[in-house]
Structure formats: structure tokens, C-alpha cells
Amino acid sequence: MDTAERLDGARLWRMVERMAARVAERRAELTELDQPIGDGDHGINLHRGFQAVLAKREALSGQAPGAILKGVAMTLLSTVGGASGPLYGTFFLRMAAAAGDAPSLDAAGLVRAFEAGLAGVKERGKAEPGDKTMVDAWTPAVAAMRERLAAGGGLAEVLAAGAAAAEAGAQATRPMVARRGRASYLGERSAGHQDPGATSSAIILRAMSEVAAEAPAS
Amino acid sequence: MDTAERLDGARLWRMVERMAARVAERRAELTELDQPIGDGDHGINLHRGFQAVLAKREALSGQAPGAILKGVAMTLLSTVGGASGPLYGTFFLRMAAAAGDAPSLDAAGLVRAFEAGLAGVKERGKAEPGDKTMVDAWTPAVAAMRERLAAGGGLAEVLAAGAAAAEAGAQATRPMVARRGRASYLGERSAGHQDPGATSSAIILRAMSEVAAEAPAS
Amino acid sequence: MKKLINAVEDIVPEMLEGLVRAHPDRLRKLEGHNVIVRKDAPVKGKVGLVSGGGSGHEPAHAGYVGPGMLDAGVAGEVFTSPTPDPVFEAVKAVDGGRGVLLVIKNYTGDVMNFQLAGEMAAAEGIEVASVVVNDDVAVQDSLYTTGRRGVAGTVFVHKIAGARAAAGGSLQEVKQAAEHVIANVRSMGMALSPCTVPAAGKPGFELGEDEIEIGIGIHGEPGVQKGKLMPADAIVDMMLDRILADIDYTGRETALMVNGMGATPLMELYVTTRAAHRRLDREGVRVYRTYVGNYMTSLEMAGFSLTLLRLDDDLKKLLDAPADTPAFKQS
Amino acid sequence: MKKLINAVEDIVPEMLEGLVRAHPDRLRKLEGHNVIVRKDAPVKGKVGLVSGGGSGHEPAHAGYVGPGMLDAGVAGEVFTSPTPDPVFEAVKAVDGGRGVLLVIKNYTGDVMNFQLAGEMAAAEGIEVASVVVNDDVAVQDSLYTTGRRGVAGTVFVHKIAGARAAAGGSLQEVKQAAEHVIANVRSMGMALSPCTVPAAGKPGFELGEDEIEIGIGIHGEPGVQKGKLMPADAIVDMMLDRILADIDYTGRETALMVNGMGATPLMELYVTTRAAHRRLDREGVRVYRTYVGNYMTSLEMAGFSLTLLRLDDDLKKLLDAPADTPAFKQS
């Protein structure tokens, strides 16, 4: 356990690539989740966005974390569309602001960035926990990361805790009746289906956690 | 065998009612025959027409054969539509003209009426035997009736021979490549399907033959 | 069968009532007949234009009734030519003293029923002429068969004959304009899915998930051949191959109609429009006007047809003339 | 999935190319963006009108670009709100110096993306206002939820705000006209069959042979409830019950839109038009104008929606004003 371990740009970019890979693998599943309670495009949207992010490899991969996060934010904002585009865009943009231009982040800095991202999503989308949205993945994830950090956890542990909490949070959206986003149009009929945006949030966090757990490359 | 037996209006009307009943029973089959090589309405069309004929019972049932045939003709003409409407209309109109205002027809008179009807259909529709139309039912039917008449057959025998020949004629349309009517648009693809109009012609003649074979009512 | 209908036997009159209720200032229905006429019919001194056929091709034909196009549209049962009586009634209702032209699509039933109506009208002293539209190149043209079907090209006949009539043309001139279109218009259609005649209750043919019908007509009948599903560009090419081989369009200005069969999203029609334009560009055929939409349909069939009308100065002028009908508006 | 397309990812730009090729004298596409603008944009001295949303609703929105309606239509991916960039480009392209109104349908994605674009434009000194259309009575209206969806009533917003802009109205006046429509327009939809987002490859929901979805939106999503197939008259009654209970139309003149979802034959739309008129007659609601057709669709979904716009003298005048766009023509 190395509490002094830091997340630099190179490693963050590997995380971004892993997010893109995991979204690509699971896009059909995300789209299928979006069919019964949405319009069946969430996986398609997010995949399009992360492919556009990958195309910026040259410009972004050598940057500091803040610049990478900003590049991801702007790219998602201008390629994803739908509800999740501005929401993920805002999320990463607020993370970028929190990261500033530091060459690397420690676990505490990363958790602060996630907190800022979550606050941004809530501000932009006006959703609260229990509304059956991505907020239901990020809220417990941020709480779990904060807790693990306070217990002295390093990057990998903090992210692992966050990913597990996000996954539980996403699953917990299943019985909820949606009050925000497209699923809200279904009223009671939205209960019984897991929220796609909460699920993609958990996928994204799990991708970061995977990379954090691996031995840093070169 | 009663070669002197005559077909009066009352009996002809019973034949017309039988035609309507048989068309009603078999309309789905006629429509199904019209689907692969036509537009799937032949049974519907003819049924609509014969139901309209039945509604004229009061005006027609007490008339002489010629008047009944003319009533049937005009009703089919103005209610069937499609190709079969004018063709059956013409068929019965020419039969009516051949029947004139005689109070009854003998077998020879009936066969002459069928000959006139067939000539009318060929004139109006320009189809020849082998074109895969109702002409392929009526042509052998008229020939068979003529033959049985020459052999001394009475009404019931003549009609039975005609019905059998019409049925065989209808079946013989199956391998034909259509040259007239909607089925002609299919070219070679029309082969392998029995013609709906030839089939309904056989049904009509069989209905007449059934009534002729029954003991005259009252 | 899932349709927005009440009783199967009431569809045609209910549809016509809906049409007249939507356009009460423009259209009226002839009492007791499935015939829609211009509210101001007969238009004195104008040649009357009557068309029609089986129902199920909406907006054809009643949707083309109005200034610059038809005076009356006669609606038969679904996919069944109307009987002579309503056609005769339509002729009487629109005869403004200069005669009436019947625009007939080339189907045995339509031709016979309309011509019988024409004979009835002539017997009452109304001057009647008729033209038979046969634009479908999918069908082999031959003297020994029924010949080609009339399909979406019929709408161009309505438009151009209607413009000539509106401009004061004589019955002979209006008929000539219609024949001029017929000589220069060619169409071909394809289907992704069949349609169901309401009274029949089941589809006219069946298609596998990767199959299409090529060379369909407009009555839900199968096409002249089955094919495999292809990209839109390839389908368009195959259809244009047939049309362009039939008459020479090279270097000529043409009107293009991309017609949906009833259930085709406009999105897909525009994708095929793009393909048709690109191909025509390559062939040196200049598209003068493009019409995209549901003009001559087959109930809820998915698919489309392409129609090319070869133009000259006279046809261009008549095509450009205004028309104001429920389904065809041009100013 | 059977569609007339080439590659799934090319559908939107290919469709827009087809649209522009069909109307080369009227429309142009912004280079590099899925945005259609009037060929003569920006119109000097006129407030600009921009709308848009996901694709798959054709002719909405690009089909309503033209004199009397929109200046630009922005097309997202199928059923996916466009991102802020193309909306921003559209605003810049149509700003004639008197500001630009954004007409947004009430979906989380549309609202966020359009408002971001508005902020970008404001930052460049362009005066931008926006309205959010939420006419769908199928959805419970509530402060604590996303609220009602914007559906076919949006077309009336385009028409009436467009007329006010064409008449020289200020940005504030054009916005007020749009809000006046929004306050008075209500819609409800139903589906006989689902539709398939091309990139998803399979239908958004499944329905039995005798089932319908009631209270659908326009994105292929299931409705608020499933129901049994009923006669058209009963379906119309059920939908009008909801609309008429929402705001009071009694004794008022209204505009009626009978909107097909994409694969509904016009024949069926006219059957439902008849039913709607008969019911409104009984309710003492006078139908001032009726629009029947595919105005705001969901790809190849079968079904329809009803929209009622309660009119006053000002709205009547603006509704009657001419419009000349590919999909909405009125003279």
C-alpha cells in the first residue's frame, strides 16, 4: 500500500483508453438497458464519444491530468449528444478544473476531483439520489472513496472501493421509479430496470480502478 | 333422364342463391389464390357482389331467366369492381340476352347462353385459352356441355359435365404463365398457382349443377 | 392485422369522410358514392379531370383533387377498381361543358370499369376521352399481355394534364398533354415488406429478414423477382438501370419522384434520393425538380419507387404551374 | 432490421444531402455540420428561428426550414440530441442581426445541449432566447420530474413563431408567440408497432398481435401503458379524453393535427381524422384547420398522435400566414 503514489498524465491516459475499451465492449449492453426505459442509444452515444476521445491520443496522451480531463470533457460534449453528453462533459470538465495544472494527483486530489464532477452533474441535470440516474452511481462511489481515503487507502484502493460502490449503486437503481431523464416519462413502468447512465458510470470507474491495480507500465 | 326438363326462373334463382352461398363459403380460398399472383381481393370482391345480388331477391326471384340473369349481371357490374366485375357482368349480361324473355330454358338454350357468355368475356377481356384466366374454366366447360347435350343429356347432366370440365380447367391453369390480368405482371413467377377467376367460375358452375341435380322444390 | 380502423367494410367511406372534414372548404363527397370532387365542381369552361382506382394508394387519388390537378377522385374498395357507376357519377359532377378526361392506370379492372363509365357518359352526351398510364418498367411490355402497370408516374399525369386543363386547354389538348407524359415517364418499385388488404387479414406475400421484392406494383402483389437486401445505393442503381435502359434520358432534364410505399420513413426516402441524384449526375441526366414523399402508396408496405419524367419546355412549364390540393401543393 | 440505408453511421449526413439535393434552390447544409439552413440565411432584419433534435423524426426539423417557418434545423444522431457545436453553428449562420430563438423540445439532452449552445452564442454577442415545448399530456407534469415531452405540437410552434418572425416581430415578440402556442397546445400519441434505431439493430419494445402502446413519445420508447387493440374511434376517444381534460377547449376554435408516426398509411390517418372531428363536434370544439400527415415521426413506427391547438385571433392570423418549406406548404 503506497499512499504516496500519484496519478500522472500517462497513467490517466491509460485509464481513459481502458474506459473507451470497456465502453466499446459493453455498448450493446448499455443500449439494451436504454431500450426499455429510454430510447436505446446510450451505448451508441457513449461509444461514439470515447472513440472520438481515442482519436485525440496524440494531442492528449502526453498532457498533465487536468488537460487530459479537459480534452475528454470537450470531446464528449461535442460528440456524445443526448443527456449523457453534457452530463459526462460537465463531469470531466469539473474534474479538470479541480485537477488544475498539477503534473499529477494523489489519491486525495483525485477524490476531490470526483466530488467536483458529481457536484457538476447534479447542478446541470438537477437530479438527486433516488431519481434513477448516474447520480445514483456517483453518489455512493464518491462516499466510498472518501471513506477509504480517510482510512489511509492509496489510489488503487480508493478506486477499487469507488468502483464497487458505483456498481452497487447502479444495481440499486433497478427498483427505483425515475424522476429525471427519459425514463421519467414511463412513471411506474420505469421500475424494474437498471439505469443505463448509472451503469456506464460504474463501467468508467471500474476501468480506472483496473488500471490503478496494474503495475505501472514503464 | 328428362331431356325435356326446363330451367324456369324459380329454379334459376335457387341456382343464383347457391352460387352466393358457395362463394361465401369459399371466399377465403379465392382470396388466398389471388394473393400469390394477384392482389388478394378476388373472394372479397365476388362475395360482395353476390351478397348484393341476394339483396335483390324480392325484385328478381319471381322473374323469368333472362331478367334474373340481367339483374345478376347489372348487380355484379356495379358492386364487384376489379377485373372480375366487368367480366362476370358481361358474362351474365350476354347470357341474359341469349335467354331473351322466354319463361324457361331447355338444356340447349342454357348451353347457348353459356356460349354467349364466354364469347362476351373473351371480347371484353381479350383473353384466349392458355392465358391463365377464367376463360380457361369456361372454354372446356362450354365444350363439355355442348358434347353432353349432343349426346342427349338433360339439364342436370349437362351442368354436371360443365362443372367437372370447369374444375379440371381451373386446375389446368396451375402450370400456366399468365398473359392477362394482374398475374401477367409476375411473368414466369405466375406459374405454379391456380387462377382465382377460373376457380370461381368452376364454383359458380358447380353451384348450378348441384341445384339441377336436386329434386325441384315445390 | 393491426390497423387504425373500425369495421373493415367502412374503411373507404370513413377515410373519405375524414379527408373532406380535413378540407371542408375545398372538397366534397358525392352523396352515396365514394367520389371526392372539388367543392366548386363543375368548373365552367374547364375540361374536367377524373382519376381513381382501388383504395389503399392514398393520397392517390382523392388527395390530388384541387386547382391545377384533378376535379374528381373515385375510390374503389381496397386495391379493387371502382365499378362504372361512381366513375360515371364523377364524370357528370365535373363536366363543365368542355368534356372530361379519364386518367386510368393500366389494370384490366380499371380499364374495363372506367371505359364502361365513359360509354355511359357518352350515351348521356358528355364528351369523354381517356388515357391509360403504364409507366412500370418492371413489367415486360408486350402486345400479347396486359402490358405495363400504371404506378407513381400517374401523379405526373395528373399534374401536367391538370395544368393544361387549368390553362384552358381543350379536351384534345389535355389528353395530348397526358399522353405526352405517358410517353416520357417510367417507374420502378421495390418492397422491404408486404401489406395486408384489410378484408383479407393477412399479408399478400412473405419475405425473409434479408429479402426484398423487386419490381413490385402498387397492390401488395409480389414483385417480378425476389432479391437479397442490399445497401440503398445498390438498390437505387439496380432500379435506375432498368429505367434508364428503357428510354434515353441522357442530357435531358427530368423530374424525379422518390415515392414511399406507405410505411417508409422519410429518412430512408432521402437516403435513396441522394443515391438517385448521384447516379443521375454520373449519367448526365439533369434533375429539374425532385419530389420526395408518399405519393402513390400500397397501404402499409415498406419500400419505394423511383419515377423519372423526361421533360421538354412544354412539360416544364406545365410541371411548374401551381397546384393546390391536399397532397400536392406548389406555388 | 430492414432499412433503405447504406452504412448505419452515414444515415444522417446522407439523408441531409438527399434533402438538399431535392431542394437545391431553397436549402443548404452547413459544411461539416448536420445543419440545414435556408439558402438565403441569414435573412437581414429578421429574427432567426433554430430548432432541431435527434434525427428519426423526419420531416422534423430540417423539412420545416423555409420562409414562414425555421431558418435552421439541426440534426443529431438518430433519437439523440445534437451536441452544442452544430446548434451554435446554426445560430451563427441564421442571425440576421435581430437575435435568434431556439425552439427546444423538452428532453433533458435537448435542453442541456441547446442551452449550452445558447451560452456559446451569447458569449459571441448574439442575442439568443429559447422556449421549451412540452405538449405531451401522456406524461404527468410535475416540478419534481423532467416534466412533459415535446412532441408534434412543436410543429405549430415552428409555424406560428415563424410567421411572427416573418412579419418582422422582435425576438421578444417571436418568443412570446412561441410561448403562446406552448400554453395552448396539447398532444397525445399511440403506437401499433415499435421502431428500430439503426445503430441498435433491434426494436425498442415488443408488442403482441393485439397490443398497442398508449402514451408514447417520439423516440421509440414504450408508452405509459400497454393496451388492447381497439377500433380507431375508441382509440381516438381515449386520447382526446386526456387532451380535453388537460385544458378547456369548449367553444373554442382549434387547430387539429393528426400526425402519423412514420409507417401509418394515410388511409388510417384519415379514419382517425374522421373520429377526431366527430368527437370534437360533440364536445362543441370547432376545428378551424386540420393537418393530416407525417409531421413528427419516429422512424418506421406505426401509430399516430393527435395535437390540439387552442386558437385566438392572433394565433389564427399567424397560423393562416403562408409558409413554404419542403414539408409544410400553405399559401
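Note that the chains take the letters A, B, C and D in the order they are written out, and that residue 1 is the start of every chain.
The rule is simple: contacts are C-beta pairs under 8 Å (C-beta built on N, C-alpha and C of every residue); 3 or more make two chains touch, one makes a residue touch a chain.
All of these numbers come straight from a predicted model, not from anything done at the bench.
Student: How many links in the shortest chain of touching chains run from chain A to chain C?
Tutor: The fewest steps needed to get from chain A to chain C is 2.
Student: Taking the touch definition from the top, what connected groups remain once chain D is excluded?
Tutor: Connectivity without chain D: A | B, C.
Student: Can you tell me which chain lies farthest from chain C, using the average of the Cα atoms as each chain's centre?
Tutor: Computed centres place A farthest from chain C.
Student: Rounded to the nearest whole Å, what is the centre-to-centre distance of chain A and chain D, using the mean of the C-alpha atoms as each centre?
Tutor: Going by mean C-alpha positions, chain A sits 33 Å from chain D.
Student: Could you tell me the distance, in whole angstrom, between the mean C-alpha positions of chain A and chain B?
Tutor: Going by mean C-alpha positions, chain A sits 76 Å from chain B.
Student: Distance from the CA centroid of chain B to that of chain D, rounded to the nearest Å?
Tutor: The mean C-alpha positions of chain B and chain D differ by 55 Å.
Student: All pairs of touching chains, please: list them by chain label.
Tutor: Applying the touch criterion to every chain pair yields A-D, B-C, C-D.
Student: Write out the stretch or stretches of chain B touching chain C in their complex.
Tutor: Chain B reaches chain C through residues 31, 35-41, 44-45, 48, 77-87, 124-125, 179-182, 184-187, 189.
Student: Show me the residue ranges of chain D that touch chain C in the complex, using the header's touch definition.
Tutor: 2-7, 11, 14-19, 21-23, 55-56, 58-59, 63, 192-193, 209-210, 212, 229, 231-233, 235, 258, 262-275, 277, 287, 290-292, 294, 297, 299-300, 302-304, 324, 326, 329-331
Student: Where on chain D is chain A touching in the complex?
Tutor: By the definition above, chain D touches chain A via 54, 76-85, 107-109, 112-113, 116, 138-140, 144-146, 149, 197, 199-200, 202, 204-205, 217, 219-222, 224-225.
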